Amino acid sequence: MQTFDNASAGSIVRSMAERIVENRAYLSEIDGKIGDGDHGVNMAKGFGMAAERLKGKDASLAQSLDTLGTVLMTEIGGSMGPLYGVMFTEFAETIEGADKIDAAAYSKMLHAGLAGIQSIGSAKVGDKTLLDTLVPAVEAFDKATADGRPFDKALEALVAAAETGRDSTINLVAKIGRASRLGERSLGVLDAGATSCAIILKELAVGAQTRLVDAVG
Amino acid sequence: MQTFDNASAGSIVRSMAERIVENRAYLSEIDGKIGDGDHGVNMAKGFGMAAERLKGKDASLAQSLDTLGTVLMTEIGGSMGPLYGVMFTEFAETIEGADKIDAAAYSKMLHAGLAGIQSIGSAKVGDKTLLDTLVPAVEAFDKATADGRPFDKALEALVAAAETGRDSTINLVAKIGRASRLGERSLGVLDAGATSCAIILKELAVGAQTRLVDAVG
Amino acid sequence: MQRFINDPDLVVEDTVKGFVKAHSDIVRLAENPRVVVSKDAPVAGKVGVVTGGGSGHEPAFIGYTGRNMLDAVAVGELFSSPTAKSFYDAIKEAHGGKGVVVLYGNYAGDNMNVKMATKLAAKEGIEVATVVANDDVCSAPPEEREKRRGVAGEILMWKVGGAKAAQGASLGEVRATAQKAIDNCRSIGVGLGPCTLPAVGHPNFQIEPGKMEVGIGHHGEPGVRVESLKTADAVAKDMVKIVLDDHDLPAGTEVAVLVSGLGATPLNELYILHDTIESEIALRGLKIAKVWIGNYFTSLEMVGATLTVMALDDELKTLLDVEARCTIIL
Amino acid sequence: MQRFINDPDLVVEDTVKGFVKAHSDIVRLAENPRVVVSKDAPVAGKVGVVTGGGSGHEPAFIGYTGRNMLDAVAVGELFSSPTAKSFYDAIKEAHGGKGVVVLYGNYAGDNMNVKMATKLAAKEGIEVATVVANDDVCSAPPEEREKRRGVAGEILMWKVGGAKAAQGASLGEVRATAQKAIDNCRSIGVGLGPCTLPAVGHPNFQIEPGKMEVGIGHHGEPGVRVESLKTADAVAKDMVKIVLDDHDLPAGTEVAVLVSGLGATPLNELYILHDTIESEIALRGLKIAKVWIGNYFTSLEMVGATLTVMALDDELKTLLDVEARCTIIL
C-alpha cells in the first residue's frame, strides 16, 4: 500500500504557494474577463502570506495546511478567504494526527474540504465555479481507488479530472457570483476559481506522488 | 483719395466671422500649448453668434462692428469678451456716422480700438499677447500713410506688420495671462490672441481693399 | 497608471490611515486596522449599525461612519469582501447591548463572511440581524431579485437604518425598516470607462471609445448591453426607464433620487444627466422629494454614473431627514 | 471622449439647468441664466457676497451658493471668465443694501470682467469691494505674489467672507476679513492626467504616462516642473514643502487643510496623499485644526490633486465653523 509521510510533506504547501504566486497575473486576467479581476491578487496575497509564515518552520503537511487555511480565512476576505480557508482547514483537521497518509485518508481529506465549501457557498457543479474542478477531481480519485488502482494512479486520475473539469467551465454559463448576470456572455472563458483550484489540486497531488513509498499493505 | 463705403461694407464682419470659425480648432490648439485651449472655442462662439445676428440684415460696417463688439462683451466673457468687445465697439463708435472711410478715419478707428484694449488690460508690447500683433500693425499703417503711400498700400503694410508681429510672439516669453508663469517654456509657440488678431486685422484690411474706390482727393 | 499610491498592495492600508487621520473628530480605528468605528460607538442601549465591503468605492463604505449612521465598518481589500473576522470585530465595536444590524451588499464574499461573522457573534451572545441590499436592477431579472447586487441604494439603507437605530428602535424594528428602505430602492449603472486595480496594473475590463456599458456593476461587472455612447439626455432617459420599469410606482409617489459618479466623471456631467433624469421622473407622475448628486459610491477611477430611485413613505422621509454626522453629508 | 454630454457647446447651460433643478431648495436661477442665486438672497441689511468664474470646476463655483456663504455666482463658459454683464447681474442679485463684495480668482478675464461689472454697479449706486485670490504658489514667485492665480483657497475665502457677512459686518470689514483669509492661504496642484474641453474634443495638454506636472493650474496651465511620477508619499512631501516654504509659519500655528481632487482622481488616493500631508505638516510643528478631503475644486476630468493650507487665527477659526447651507458642505 502506498503512503506518504505527513511530517515531512509540509513543503508541498510552500510549492503550492509558489505556483499561485507565479500565476497571479494569469488568474487576475481570467477573473477580469467576467469577474472583477482580483482573483490572482487575492490568492497571491493569501498564499504568499502563508508561505511567509511557514518559512524556516519544519511544519507537517497538516500544520502547513492549517496555517494556509487560517491565513486565508482571517486575512484575505473576498470569496476565496472563506471558501479556500474552509477547504484547507478541513483538509488539515482530517489528516491531523495521521503519521502516514494513504489513499483512504487522502479521499477523506478531499471530502471534508468539499463539504466545508458546500456548507458556506451554495454553488453546484455546472455553476461555473471552483466546484467544477473540485467535484470531478474527488470523484475520479474515488473511482480509481474503487477500481483497485494504486494511490499514485488515483492521483493521476484526480489531476486529469481536475483539468478536464477546469476546462469544462469554458462552455458553462456562470450561475453564481459576479459573472452570473452575464448569461451567454460568460461563455468561452475559463472560471478563475476553477483554474486556481486545478493548480492547487495538481500541486498537492504531485507533491504526494513524489513522496509515495510502498508500505507493506 | 481712396475710400470705401461704410454702408455696404457690413459683410466684412461676416467674412471675418467665417475666418474665425474656420480657425476654431487651430486657435484652440495654439492656446492649448501654453494656455487653456479654449481660445478658438470662445472666439468661434462669439463671432458665430454675431454672424447669426447679422444674417439677412443689411447692416453697415459700423453697425456690424457694434453688433460684434456687443455680442463679445455681453455673451462671451473670458479675456476676449472684454478685450475684443471693447476693440470692436470702439471701432464702431469711431466710424459711426461716416459715409466714406478714408485712411485717416481707418487709422483713428484702429487707435480707438487699441486704446480701449489698453484701458482694461494691462499688457504691453513684448508680453506675448494680441498687442504684439495690433500695435505694430497700427504703427505700420500710420507710417505708410505718413510716407504718402495710398490707403491700399497702407493696408498691405498693416497686414504684413500684423503677421510679422504675430510671428514675433514665437520668440517671446509670456509676461501676462495664463502662460506667464511658464517662463522659458512659453518660447517657441505662437500666442493665440496674437494669431486671432492677425486674422481679424487681415480680414478687415482685405475687405476694405477690395472695396476701395478713388474719390477725387 | 497615473495614480497617487505608494505600494499597490497597501492601497487600502494607506487609505484607511489617511482617512482616520483626516477625520479623527468623527471616527477612530479599532484594534483591528480593518475596522473603522464611529467616535460615538458603541452607544449603550442603541442597536449597533454595521456595514462592510470591498474598498475602492470611497466615500463608501467608511465615509458613512458616524453619529446617526454607521457605528462600524469592516474594510476589505480593493473590490474584495472584508474577512469574517473584520465583520465580527465591527459587530463587537458597534454592540451597545441591544444587538447589531449588518446592512451590506449582495456579493458572494460578503454573504459568506457576514454569515461566518454572525456565527462568531452568536457564540459571544451578540444578537445579529442582517439586511442584504439588492438594488441593482440589471444584475438579475425581477423573478430573481434575491440575486441582484447591492449598489448605491445601500447608502440610503444605511441612512434610514442609522436614523431608526438612533431613535431607540429595537433590533427587529431597525432590521425591518432598513429592509423596507432597500426594498424601495432601484439602481442602474452606466459605464463609459474602466478602472484599474493598482496591483493588477491594467484595466480589468474594456469599454471601447464611443461605446457604453448599460447596467455595469460597481466592480466593472458587465452590464446587460454594450451600445454606442448616446447623448446624456438619451442615457438619462434609458436609466430612468430601466429603473422605473422595474419599480412600478403609482403616480404621485414621492421619491428620493441619488445620482452618483463612479469616480472619474466630473460633477458637471452628473448635473447634465440629472437635468433629464428629473424631467423623466416627473413625466411619470412621481414627486421628487430629495436629491443627491455627487461621488457617493464610486469604483476607483471608473468613468460612469449610477442612478438610484427610492420610493418614500412618511417614515422613510422622516428618517432620511435625520442629520447624520459623517465625513460625507447626505 | 467618454462623456455624458449633449451638445459640446451647451455643457454649461445643461449643467446649470440640472444644478438648479437638483437644488431648488437652496438656489434659484436669476433672470440671467448665467447667474445662480441663493434662495435667501438678497438679505436686507447684509453685505452681499458674490463670486464667479469659468465653469468646469464643479462643485466650484455654483456649489458654494447658499445661506452663510455665497449670495450669487456668475457662471462662465468652461474655463472662461463670466461676462461683465453676468458679474454685474450677480452683484445686483446679491445686493441687500449694504454693498457687495466680489471674491474671485486672479485670471486676466475675471479681472477685466469684474472691473467692468464694478463700474456698471457703481453707476447704479451699488458699492462694490473686491478681493482677488492668489493662493497658487507655483504660478508666480513670492516677489510677484500679485500675479498668482487663485485656486482652491478661494473656497476658504468664500466661507470666511460669507460667514463674516452673515454676522452683519460692514462691507469694509467683510472685504478685509476675506482678504486676510486668502492672504493666509497657499495652494499647490499636481497633475497626472489632462482634461478635454468637449468643444475641443481632445486633451488640451499632455502629461506623459509615468510623469507628473508639479504646480499645474486649474485649467492645465503648465507647472514649474515635469518629473517622473513618484510615490504618493514623495508627492505629498513635495506639496507640503512647496506650500510651507512659501508660507513660513511659526511652530504652533493652527492651520486648516484642504485636499481636493481635480476631477478624476479617486477619493481613496486623496486619503493616501493626506496620510503623509498630515504627518509632514505636523513635523513642521503646525497644528491641524480642520481638514477637508474631496472633490472641492476640480478641472473637468483632470487627474491630480491640490493642497491648500490656511493659517488660522481665532477669527478665521470661528468663521470657518459657521455652518453654511450649500449643496456642498464644508
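When the chains are written out, they are named A, B, C and D in that same order, and each has its own residue count from 1.
The working rule: a contact is a pair of C-beta atoms (placed from the backbone, for glycine too) under 8 Å apart; a residue touches a chain by one contact, two chains touch by 3 or more.
As the structure is a computational prediction, the values presented were derived from the model and not from experiment.
K.L.:
From chain A, what is the lowest number of touch steps before chain B is reached?
P.N.:
Between chain A and chain B, the shortest chain-hopping route counts 3.
K.L.:
Which chains lie in contact with each of chain A and chain C?
P.N.:
none
K.L.:
Centre to centre, using CA atoms, which chain is the farthest one from chain C?
P.N.:
Relative to chain C, the chain with the farthest C-alpha centre is B.
K.L.:
How many angstrom lie between the CA centroids of chain A and chain D, rounded to a whole number?
P.N.:
Roughly 55 Å, centre to centre.
K.L.:
Using Cα averages as centroids, what's the distance between chain C and chain D in whole Å?
P.N.:
Comparing mean C-alpha positions, chain D is 29 Å from chain C.
K.L.:
Where the CA atoms of chain B average out and where those of chain D average out, how many Å apart are those spots?
P.N.:
Centre-to-centre distance between chain B and chain D: 33 Å.
K.L.:
Among line, ring, star, complete and other, which one matches the pattern of chain touches?
P.N.:
Line.
K.L.:
Which pairs of chains touch one another in this structure?
P.N.:
Per the contact definition above, the touching pairs are A-C, B-D, C-D.
K.L.:
Over in the complex, which chain A residues touch chain C? Could you list them?
P.N.:
It comes out as residues 25, 28, 31-38, 40-42, 45, 73-83, 120-121, 176-182, 185.
K.L.:
Hey, which residues of chain D end up touching chain B in the complex?
P.N.:
Within the complex, chain D touches chain B at residues 9, 54, 76-86, 107-109, 112-113, 115-116, 138-140, 147, 149, 197, 199-200, 204-205, 217, 219-222, 224.
K.L.:
Which part of chain C faces chain D closely enough to touch in the complex?
P.N.:
Per the stated touch rule, the residues are 1-6, 11-12, 14-19, 21-23, 55-56, 58-59, 63, 192-193, 207, 209, 212, 229, 231-233, 235, 259, 263-276, 278, 291, 293-295, 298, 300-301, 303, 305, 327-329.
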